[in-house]
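The following block contains the structure, expressed as structure tokens.
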Amino acid sequence: MNRFGYRLSPSSQIDLDVSDNSLFRQILAGEPGISTCISCGSCVASCSAGVFDKISFRKALHLLEAGMDTEAVALLEGCMMCGKCTLVCPRGINTRHAIVLIKRKLNKG
Amino acid sequence: MSCITRCPRKNGPGLIIQALRNLSQELGYFIDSEKGRQQLVLNRALCGNILNYGYCVYPRTFHYSDHPENGPVGKLIEDNLEAVHKRVGSNLDGEGPGILRKIPQSDLDELKRIFDVTGATERMEKIETISKKRAKELGLSDEEYCRQIFTINSEEHYI
Amino acid sequence: MTDRVLIIGGGPAGLEAANQLNLLGYKPVIVEKDDTLGGHLAKWDRLFPEGESAETVLYKLIKPVEHTPVYLNTIVEQADKEGNHFRVKLSGGKEEIVSAILVCAGFSLFPAEKKEEYGYGIYNGVITSSDLEKWFKTGKGVNINNPSKVGFVHCVGSRDEKICNRQCSKVCCVTAVKQACEIKEKFPDSEVFCFYMDLRMFGRKYEDLYLKAQNKYRVRFIRGRVSEVSEDFTGKVVIKAEDTLSSKPLKVSLDLLVLMTGMISNSSIEELSGILSLNRAEDGFIEPADTITKMYDSGKEGIFLAGAVTGPKTIPETLSEARASALAIHNYLSNKAIQ
Amino acid sequence: MRERIVFAFDPFVIPFTLGMVFIILYLSVGGFKIIAKLSAEEKMKLLKHTFSFAIFKTLWDIIADCLLHIKIFKRNIRLGYMHASIAFGWFMLIFIGHIEVMLYTPQRMGVLYYPVFFRYFVMKTHETLRGDFFFFLMDLFLLIVLSGVGIAIYKRFRSAIVGMKRTTKLRTGDKIALYSLWLIFPLRLFAESFTAGISGGSFLTISINRVFNTFATNESLIQPVWWAYSLTLGAFLFALPFSRYMHIPTEIFLIWMRNSGIRATSSRDGYAESEIYSCSSCGICIDACPMAVKSENSKLTSVYYLRLMRRRLPESMNHADKCLMCGRCVEMCPVEIDSCKLKVLKREEEISEKRLRMAYLSEVHTNVNKSDVLYYAGCMTHLTPVIYNSLFKILQKSGILFSFMDKDGSICCGRPLMLSGDTYSAKELIEKNRQTIINSGAKTLLLSCPICYKVFKEEYDLPGIEVVHHTEYINRLLNEGKIALNKSGKSFVFHDPCDLGRGSGIFEQPREILMKAGELRFASEERGKSHCCGGSLGSLSLDKEERNGITKAALATLFENNPDELVTACPLCYKSFKNINGKPTADIAQIVAEQMV
Amino acid sequence: MIVEGKKKIWSEYQKDIPDDHYFYVRSCIRQNFFPASEKVFLDIVRDRLGLDFFETPHHTTCGGIAYHSDSIPQETLMTIVARQFALMTEAGYENYVCSCITSFGIYNEIINTWFHYPELEAKIRELLWEASKREFKIPKSVVHASDVIYKLRNKILENGKYRLVNKNTGEPLRVVEHIGCHYSKMFPSKGVGGAEYPYVLTGMAEAWGGTVIDYPERRHCCGFGFRQYLVQANRGYSLSNTHKKFESMAPFKPDMIITNCPGCPYFLDRWQYVIEELEGKTYGADSKGIPVFTYEEVAGLVLGYDPWDLGLQMHQTAVEPLLDKIGITYNKEDKYKI
């Protein structure tokens, strides 16, 4: 630590002019349904992994759209792909497809 | 307090936070959080200044070592405090009215009585006793404990 | 002698009531404080949910009552009950003897400059939904050239204790989504944001409009009330809000910010309610006798209510209330005739 | 019979010879490449298989599939005859050709082209019964092949006669190979007929010789006909690797490898490559695929996938993602290409980062109380509680103690994760479930979801524990008399869930149960050919409308003989049908629970 | 920017500021870091303008910082404030002026709380009597010292020697006005010009010839945050607030910053030094930092006081560039002569 004993703490504010949500746009191209998400949380409520781990597809979408890719993917890490979220989604979004696309895009670096 | 101007339901989020902090001190939960533990150094500094000098902030207790951001000018002011204050016309530790005057002991006693009567002293003692207990549990001397709570920031507050 | 009925307010409610009263054989008289009929509808471009043109709707309402006597730029100055008639003094020295009065004075749009933190009237990039509607209709009023980023702020002057209008104005969410689609239609490569607290798309086909805005036009809906608006060095409007769904504060600079101003009670209603001694709620809207079964009844004999004077309403609701009041007047006058 | 041409060579043989050399080289290089890509263990299997008695079964399979095409006969007799006649007929022509060379001109044994153009190089000296016999055979098989080619030509214009609604369009490579294939045998006929006067022939060639007597014996015409024959042969051989007919040689190679137990491990190389080249683009899988109910999706069926994979084009990913993994095309494919496995492998290659993802599993402690029967609902059954409630009623009635493994939230069985391509993380789930099951000390693992059943059966190593689906288990309870059903007047149709029927081979048990519960009616397509319900987790990218379309198509086949109630045995099928089916839909456990005595 | 829009809002927030007879209370922070400012204030109002500003030596801190750092409960704060009012009542004054914005916020908050909960006021009266045998009356009006200077801004201009104008280019200086959060954010009607566009400092700057910059983060907090600064571990948060403000005002290239709360100049000034040390980044036209002043210092400069009498040597960010811009004569040597 520097001689002052503290550092400039980074702002948690997202600047939409600068944030790069290219990953979100790629996923959107692959699964256009995610643009119709109304954040009702049914997916998170029915999530099998949600019982054990902090996993939230809804929040991941939001973080992705704000360009915070690493935090978004960290939320999807424990997904078991069981597909219950797709079954309960009132907007009929293929959430499982979106999660696969995210996992694939992420590994390509 | 910018939140008060903006709340469409006329609430005061800032005041609610303040009430919660007071509550956590009353019920003793403050000791379990990093920011809560800092209350000890705050009480000692602020209440110390008020009861001893009648000011919330007092130059003689505002050490450059604790406030390096005061910069070289701050260091210069601290090194020749009396001279600087005389130069700018303050009445440091002087009698009668004026800047940073010596507040008569009678007024300080009144403040002490106000502290006793309104529960401030009781609050300070509670913070002291609980903090001493925690310091002993952590096996730290009082000085080390204060140093720790004064400087350590786990920095997981902005995720 | 056929009964004459005074209709205060020449908006959609007044026009429809006049038409119905004509059909029922009465002689309605419309008093309108502005210089044109149609109220806010006349200043509107397209209506939700399917974008019908406001002009054609207005034409359909005005056409059947073109022969009805209308006093423009006139307000009611005094009205006293004489037996079962009313002697009504109108501004400009005119006078009418009528057997019933229908109050359909409508609503006023919330003056956006009262919401200081949104900078209406201070920053050029900030306009209201009615400004935008006027621009769509006439191209005049505000200048909008190819904005690349447009923001819509919901609940401006509604659901806000600070400006004493705690109620929801019902129509601005749908209007915002409609206008968002219209902006994307006109400027396809613009980015459109909607800042909302709750998206109240309550009616039929409104959800389809919302769905279209989401997947066809890719309007970005952010749940968070805009806290303040300012102007950056380049003249762009910078807004700050929190995306409460990812609990992250955010800021974005926009070329255009549209404030969805809500419906508040008509500015001239205070004086009118005094004249007719109607009882007003504390937010200024007139209280009907019974909000469920008797929306048309003002509680005073011979005086009836219709439309947004009793609270925010969509145009279909306003028209059906106008018809209900016309019928109520008919029942009132016909059984009065029996006595 | 003696040689007519001195050096037994004539320029017209060159195109054929070049073609033959080219195809032999191409095949050997391809074959070598495939074997090289196999793992050492797979190579051992190949060797072990070749030098064991099993090789005879492989030889029989090759004859049955590649020459006689028995599987296609089962599907459609005319289609079967067409394939068999050409394949077997051509094989016999080559085979007998070699015998003739061996008998009459043994010194020409090594010459590559000799057997093919035998009739040109020899002159008939005197009648021998043996000679006539061979000539007769050659003409007979030529006639058979010609009949096959006739049907093939006709089929190309009206494919319905062979029972195929849709087939694939021909690409340029296919066209060259096909048209040259069509020309080879008629030209051979003319060629052999023209020289029948010299080299002799049999009923076919001699009769044609006489018919065209005027110019048949004209010396100048013989050369061009043989040239044409050789050229078409050459053209066919050169075009072969770039056409669908490459499957002729590669299928033999494939059967040999498959029978020695080798399966695809990568999406493009090794065994997979031989599968891809064995696809004859026949298009049977287009009709088979439930997705093809929507015309755009028929472009995404397995045949097009294999084509794109063959040409290494990236668009194949869309096909791999959309596939329902229902296995119907694999079931119907005459060459038994496991395109589902290939597509899953393709998905696996997309998730390159193989690392631990389920860190939270270590902190999960599902305490399961000891009992013989352990019931695992799985994620889907949690969405359809009526199934496990009925099942519990049945178990209680038959006095069986059981414990509910994933009562408060299930750790997924791992199959959906594997289907999505992340087999590495799936192993973490499998390992966790495995420990829980083994620690519970159960003897039987009861499942109500076929998707879980298949993965528990294939991927889990559960020593001493019987994995059983609730249809099997209920049937056993009924047969042991633990429970009994009173027949209701209702008529049922049973929908075979893909993973239960095709996937795990359970067809009879559910039907036995339903026969005890009421009148069982047939669906137009059932058992191995049962239509996917549309809800399959196999597909990643199908959207809601497409799934509903598939469900409706499946319902059409199920309600062909309008039964009162549709019964299935999978929570996902149940949920997919329930929303759309007007008529009552139930899981088999429900029926049993309701009609239990 | 449509300036008339702002003027319309300013016209709605007319605050009545008494002309004379004030009971003056000092600010702890101002006395510590900008002592000269308080001296100049009294010098201007008493000597130059002859107004009656009474200061009793018995008044103490209002305890605001301790209250906002949650060190003392609300009753204690209220009793201390009650004692201050008692001193005023004993001195026979009715207009209360405080030099600190935090205090101004405290007084407004307490008076408003008592207004809504009279029983609390009664309880505090008892506690005060019990502790110090004093009686108090609620002041007729409570204003902040900057309101007074705002009211006298034109008088100061008349006696002024310099104006906030660039000497060589003749252009008005680009001034950033920063209003203390507790001035009008809690009670907009208590601030001149309301909470969104407070006019108290703008009025001064424009009266004395400068133009005010409206940058996006103009209403953002300077970062004091009480316990966010007093405890070293949290200072990172405090620093990031000021950093955000400077990043937002940088494109406008301001010449100076004028503030009315004592804490803000200390942080806006010192954090520039720390940002330069930590991030190596400086702001301002010639990137030698933006000098920060209290309104009294600016008033003093306009009136022609010697910069070193105004205590400008106690600033960390150099003020000389600005003095040269205005054309104020000063001699370098005795900047630090004590």
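We call the chains A, B, C, D and E, going by the order they appear; numbering starts again at 1 in every chain.
Note that contacts are C-beta pairs under 8 Å (C-beta built on N, C-alpha and C of every residue); 3 or more make two chains touch, one makes a residue touch a chain.
Quick caveat: nothing in here was measured; it's all calculated off a predicted structure.
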Required steps from chain B to chain D (each step between touching chains, minimum)
2
What chain sits nearest the middle when you go by CA atom centres?
A
Return the chain whose centre of C-alpha atoms lies at maximal distance from the corresponding centre of chain E.
D
Per contact tally, chains sharing the most pairs are B-E
Averaging only over C-alpha atoms, locate the centres of chain C and chain D and give their separation in whole Å.
67
Distance from chain E to chain B - Cα centre to Cα centre, in angstrom
21
Rounded to a whole Å, what is the gap between the Cα centroids of chain D and chain E?
84
Distance between chain centroids, defined by C-alpha means - chain A, chain B (Å)
42
Give me the residues of chain E that touch two or more other chains.
195-196, 219, 232-237, 274
Among the residues of chain C, which ones contact at least 2 other chains?
117, 228, 251
So which chains end up touching which?
A-B, A-C, A-D, A-E, B-C, B-E, C-E
Per the touch rule above, chain A residues touching chain E in the complex are 2, 4-11, 13
Touching chain B in the complex, chain C uses residues 117, 155, 159-162, 225, 227-228
Give every residue of chain E touching chain A within the complex, in rising order.
232-237, 239-240, 243-244, 274-275, 277-279
If you look only at chain B, which of its residues touch chain E in the complex?
1-2, 4-5, 12, 18, 21-22, 25, 34-35, 38-39, 41-43, 45-47, 49-50, 54-59, 62, 66, 69-74, 76-77, 80, 83-90, 95-101, 103-104, 106-108, 110-111, 113-120, 123-124, 149-153, 155, 157
Listed in rising order, the residues of chain C that touch chain E in the complex are 113, 116-117, 119-124, 228, 230-233, 238, 251
